[in-house]
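The next part holds the structures, each set out as C-alpha cells.
Each of the next two complexes has subunit A plus one more chain, namely subunit B in the first and subunit C in the second.
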Partner chain A sequence: MKAVIVYRLVVVAALVAILEVLCATGVIDKITMQAPHLIVRDLYRLLLSGQMNAAIAKTLTNTLIALALALVTGVAAGALIHRWRGLRNTLDPLFATYYAVPVFAFYPFFIVVFGLGDLPQILIAFMLSVVAMIVNTLNGLDRVPAVLVKTARSLRLSPVQTALRLTLPSAAPYILTGVKLAVAYAFIGIIGSEFILSRGGVGYEISFAYTNFDNAIMYPLILLILIASIAINSVLGRWERTLLARRGMR
Partner chain B sequence: MTAERWRGLRNALTLIIGLLLFWQIVYWIVGDVALSSPLATFRYTATLVTSETFATHLYDTLRAFGIAFLLSVVIGLVVGFWLGFDKLSGDAVEPMVVTIYAIPKLTLYPILLLAFGLGLSAKVAFGVIHGVIPIILFTLAAVRNTKPILLKTGHVLKLSRPQMVRWILFPAAIPEIFTGLRVGFSLTLIGSLLAEMFASQRGLGYLLMTGIGLHNIELVMSVTLLIVVFAAAVSTLLLQLDRRLHRHA
Partner chain C sequence: MTAQVELRNVRKTFPPTRATRSLHALGPLDLELRRGEFFAVVGPSGCGKSTLLEIIAGLTPATEGTVAFEGRRVAGEAPDGIGVVFQEDASLPWLNVTDNVAFGLRSSSLSRDERNKRVRDVLRLVGLGDFASSYPAQLSGGMRQRVCIARTLVMQPRLILLDEPFGALDQQTRLLMGDELLRMWRETNATIFLITHALDEATMLADRIGVMSARPGRLIDVVDTHWQRDRDSRIVENPEFGAITARLWKSLREESLKTIGRAIAPARTP
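Right, the complex of A and B next:
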C-alpha cells in the first residue's frame, strides 16, 4: 500500500517537474503556458483578491441546485420505475444508450427556449446527473434481499413505508455510487455549459480569459477546477468504500 | 430467443413513439417561436442533408472523430495492457485515471487550443482525452481478471510475454475490451462535438452554434436530431454485439 502512494506521488511530481523544465527552457513559450509554480502563485493571488468570488458562488449555487433536483427526482423515479415492470422495459433501451448521446447538443436548443440565463445550464446538469441516479437506484433495488421484502409484506407496510424503511436503506451503497457520478456530472454540466455560452460563472471566466489570452487568470482557474473536482471525488470515493466495507462487500 | 428479440423491438418502438409524442406536445405548448414540430424538423433535416455545405461539415466532424477514435483505441489498449500486467503501476495509476474521468474536461480545451492551434489536431486531441479513459479502465480490469488457470497454462507452455498477450490475455479479455470500446466510442464522439461547439470553423458542432447565432431554430433542431439519432443508433448496435460477446464468454 505504501509503495503505491510513493509511486503515485513520484508520477505527479515528475509530471510537474517536466512541465517546469519545459517552461524554464522555453520549449513551451510564455504565451502557451506559464510555469506550474507561477500558476499556483497566481491562483493564490486570484483567490485572495476576491475578484472571482461572484463567479465561484454562481457556479457552486447552480451545481447544487441541479444536484439536489437530480438526487430527489432520481431516487423517486428509480423507486417508481422499479415497481412498474412495463415502464422499466420501455425505458431500458433509453438508459442503455443515454450517455452515448451528447447531452450538450441540447444546450443551444435550451437557450433558444429558455433564454440565456441559469435555467438552461441547470437543466443540462440535471439531465446529465439524473439518469446516473435512476440507473444506480434501480441497480441497488434489484439487489435488495428477498427476505427483506417478505418481512415488509408480513409487517403489512405500505409501499411508501417499505421504500423508506427497508428497500432504499438497503440499496444505499449503490445509491451512493449514483451520487458520486451525479456530483461529477452536475459539475461537468454546469461548467461545460458556462464554457460554451453564458454570462457568468467559473467556466465563463475561463473562456473569457482564453479569448483575451489572459493566461494569468485562465490557468489558475483551470487548476482551481481540477483541485475542486479531485477533492470532491476522493471524499465521496472514501465514503463509498467505508459504506461498502461495513456491508462486508469489499 | 425470437420472442425476446420481438419484445426488445416492441420496447424500442414504444419508446420512440413516446418521445415523438412528448416532442409534439411540448411543441403545442411552447409554439413556433422556440421549437419546430417533429414533422417540420424532419422536412428541414431532409433538405439539410441533401445540401452541399452539409457534406463538408459532416466530413470534417467524421474525420476528426475517426482519427480520435483510432488514437484512443491504440493508446487505450497499450496503456490498459501495461497497467493490467504491472500490478504496482496499475494500483498507482488507476485511481488517477478514474479521477480524470470525473473532471470537467471542457475546461482543459483552451490549453489544447493554445498547444495545437485552432483546427483538426485540437479537436482530435480533445476527442482522445474523452475516449481513451474508458478503454484504459476496461482493458486494465479485463487483463487483471483473467482466470488464473489460463495464465498458469501459459506459464506451463513457457510462452513469452508477447505470446501471452496474443494467445491468452487478448482472447480472454475481448468481451470486456469491447465494452470499453463501446463506451470509448460514445465519449470520443461527445468530445469531438464539444470541441467543435466551443471553437472551430467547420463541423456539426459549429453548425449548431451558427444556428443559435442566426436564431435558426430549425437548423439547431435538425442538427441535434441528426446527432442524437446517429449516437443512439450506433450505440444500440454496439450494445447488441457487446451482449452477444458476453453471452458466449
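Right, the complex of A and C next:
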C-alpha cells in the first residue's frame, strides 16, 4: 500500500517535471502556458490578494447548493422509483440514455426563462448530477438482500422506516458512488455554465483571463479547481473506504 | 394447553409468471402449536417449509384457509409477538452488534436505560457479551446468526419462528447452537417453531416434530418426542433418540425420493 502511494506520487511528479522542462526549454512558449512552479506561485499570490474571493465563494456556494439538491432529490426519487415497478420500467431506458442529452443546450433557454443569475447555473448542475444520484441509488437498492427486507417486515417497520433505517443504509456504498459522480457533475455544470455566459464565478474568471491572454490568472484558477475537486473526492474516497472496511468489503 | 397458533385448511398457490406455471406449493394443512412448546418441521427440500413459516409470520398470505395467532387472524401483516430468524445472514453490516440487536427496539416506547439493559441481557444470553461493539464482518457465521437470534429475542416474542437458522453452520457448531437454543427456549418461555432439514437436529431439539410431504407440502406425521424440558445435545445417547430419528426417516424417505425423482430420472430396476 505504501509503495503504491510512492509510485503514484512519482508518476505525478514526473509529469509535472516534464512540463517544467518543456516550458523552460521553450518548447511550450510563454503565451501558451506558464511553467508549473510559476502557476503555483501565481495561485498563492492570487489567493493572498483576495481578488478572487467573491468568484470562488460564488462558484463553491452554487456547486454546493446544486449538489445538496441533487443528493436529496436523487435519493428520494431513487427510493420512490424503486418502490413503483411501473414507474421504474417506464423511466429506466430514459436514465440509460440521459447522459446522451447535452444538458448545456438548455442553458440559453434557462437564461431566457430565469434571467442571467445563479439559478440557471444551479439548474444545469442539478440536472447533470441528479440522474447520477438516482441511478446509483436504484443500483444500491436493487442489491439490498431480500432477507433484510423480510426482517424489516417481521419487525413491523413502516415503509418509510424501512427506507430510512434499512434499505438506504444498506445501499449506502452505492449511493456514495453516486455522490462522487454528482460532485464532479455539479462542478462541471457550474463552471461550464459560468464559462459560457455569466457575471462572475471561477469559470467566468478563467474565461475572462483566457480572452485577455492573462495566463497568470487563467492557469492558477484551473489549478485551484483541480485541487478543490481532488480534495473533495479524496475525502469522499476515505469515507467510502471506512464504510466498506466496516462491512468487510475491503 | 390452549393452541397459540392455529392453521386451518391452509393452502398456498403461487400464480403463474412469465417463466413458470402456477405452482401449488403447500397444503391443505392443519396445524396447532401449543403455547411454550418446541415444534420442529422436517420435510424434503422444496416442500414448502419456508412458505409455511412465512404464512405463520404474516409475511406471505395463504391462498386459502385461515391462520390465527393467539386467537387473532393473521392476514398479510406480521403480528406483534412473533419473531423470525431466517436462514440467510440477516445481520446489518453497517451497525455494530449492540445496534443490530437494538434495531427492532428503536420504535418501541421503552426508555433508553431499559432498552440498553434488555440488549445487554440478551447479548449475555446468546454469549455475545464481549462482542457488543464488533461489526458483523468481524464475526463468524455462527456468531452472526446469534446476532440475528438476539435481535429477535430482545423483542421478547411469544412465538419464535426459525427457518433453518443453523443451515450454513458446521455440524459441531450446529450441535452447540442447538444447546444454546434449548437454553434460550427454557429461559424465555417462548414457543419455538423450527424448520430444519436435519432429522437429528429436529429429534434433539423438539417436543413435537411435524413431517411434511413432498410438494405440495402436507403434514403426513407428527411425532411426539416426550423429552424432558431440561435437556441438551447429550440426548443423542438416549436409545429413544435413534428410534425417533429412524421413524422420521421412514416417513420421509419416500417423500424425499419423490422430490429427487423430479430432478433425476428414476433408476432402472433390474
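Definition applied: the second predicted complex is superposed on the first by the 248 of 250 C-alpha atoms of A that agree within 3 Å, B and C clash if a C-alpha of one lies under 4 Å from a C-alpha of the other, contacts with A are read in each partner's own complex, and residues count from 1 in each chain.
Keep in mind that, in the parts below, contacts are C-beta pairs under 8 Å (C-beta built on N, C-alpha and C of every residue); 3 or more make two chains touch, one makes a residue touch a chain.
Please read these numbers as outputs of a predicted model, since none were measured by experiment.
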Could you say whether A:L176 touches subunit B, subunit C, both of them, or neither, answering first, second, both or neither? neither
Pick one for A:T151: touches subunit B only (first), subunit C only (second), both, or neither. second
Contacts of A:T32 with subunit B and subunit C, given as first, second, both or neither: first
Which partner reaches more residues of subunit A (counting touched residues only), subunit B or subunit C: B
Just to be sure I read the superposition right, which of the two partners does A:V11 touch: subunit B = first, subunit C = second, or both, or neither? first
In the superposed arrangement, which partner chain does A:L243 touch: subunit B (first), subunit C (second), both, or neither? second
Looking at A:L19, would you say it contacts subunit B, subunit C, both, or neither? Reply first, second, both or neither. neither
Touching partner for A:A216 - first (subunit B), second (subunit C), both, neither: neither
Complex interface listing, subunit A residues touching subunit C: 145, 147-148, 150-151, 153-157, 161, 165-166, 169-170, 172, 243, 246-249
Provide the residue numbers of subunit C that touch subunit A in the complex, in ascending order. 54, 57-59, 77-78, 80, 82-84, 86-90, 92-94, 103-104, 106-107, 135-138, 148, 155
Could you pull out which subunit A residues touch subunit B in their complex? 3-5, 7-8, 11, 31-33, 89-94, 96-97, 99-102, 104-106, 108-109, 111-113, 184, 187-188, 191-192, 195-197, 203, 206-207, 209-210, 218-219, 221-222, 225-226, 229-230, 233-234, 237
Quick check on the complex: what are the subunit B residues that touch subunit A? 7-8, 11-12, 14-15, 18, 30, 34-35, 88-89, 91-93, 95-96, 98-99, 101-111, 113-115, 183, 185-186, 189-190, 193-194, 197-198, 208-209, 211-212, 215, 217, 220-221, 223-224, 227-228, 231-232, 234-236, 239
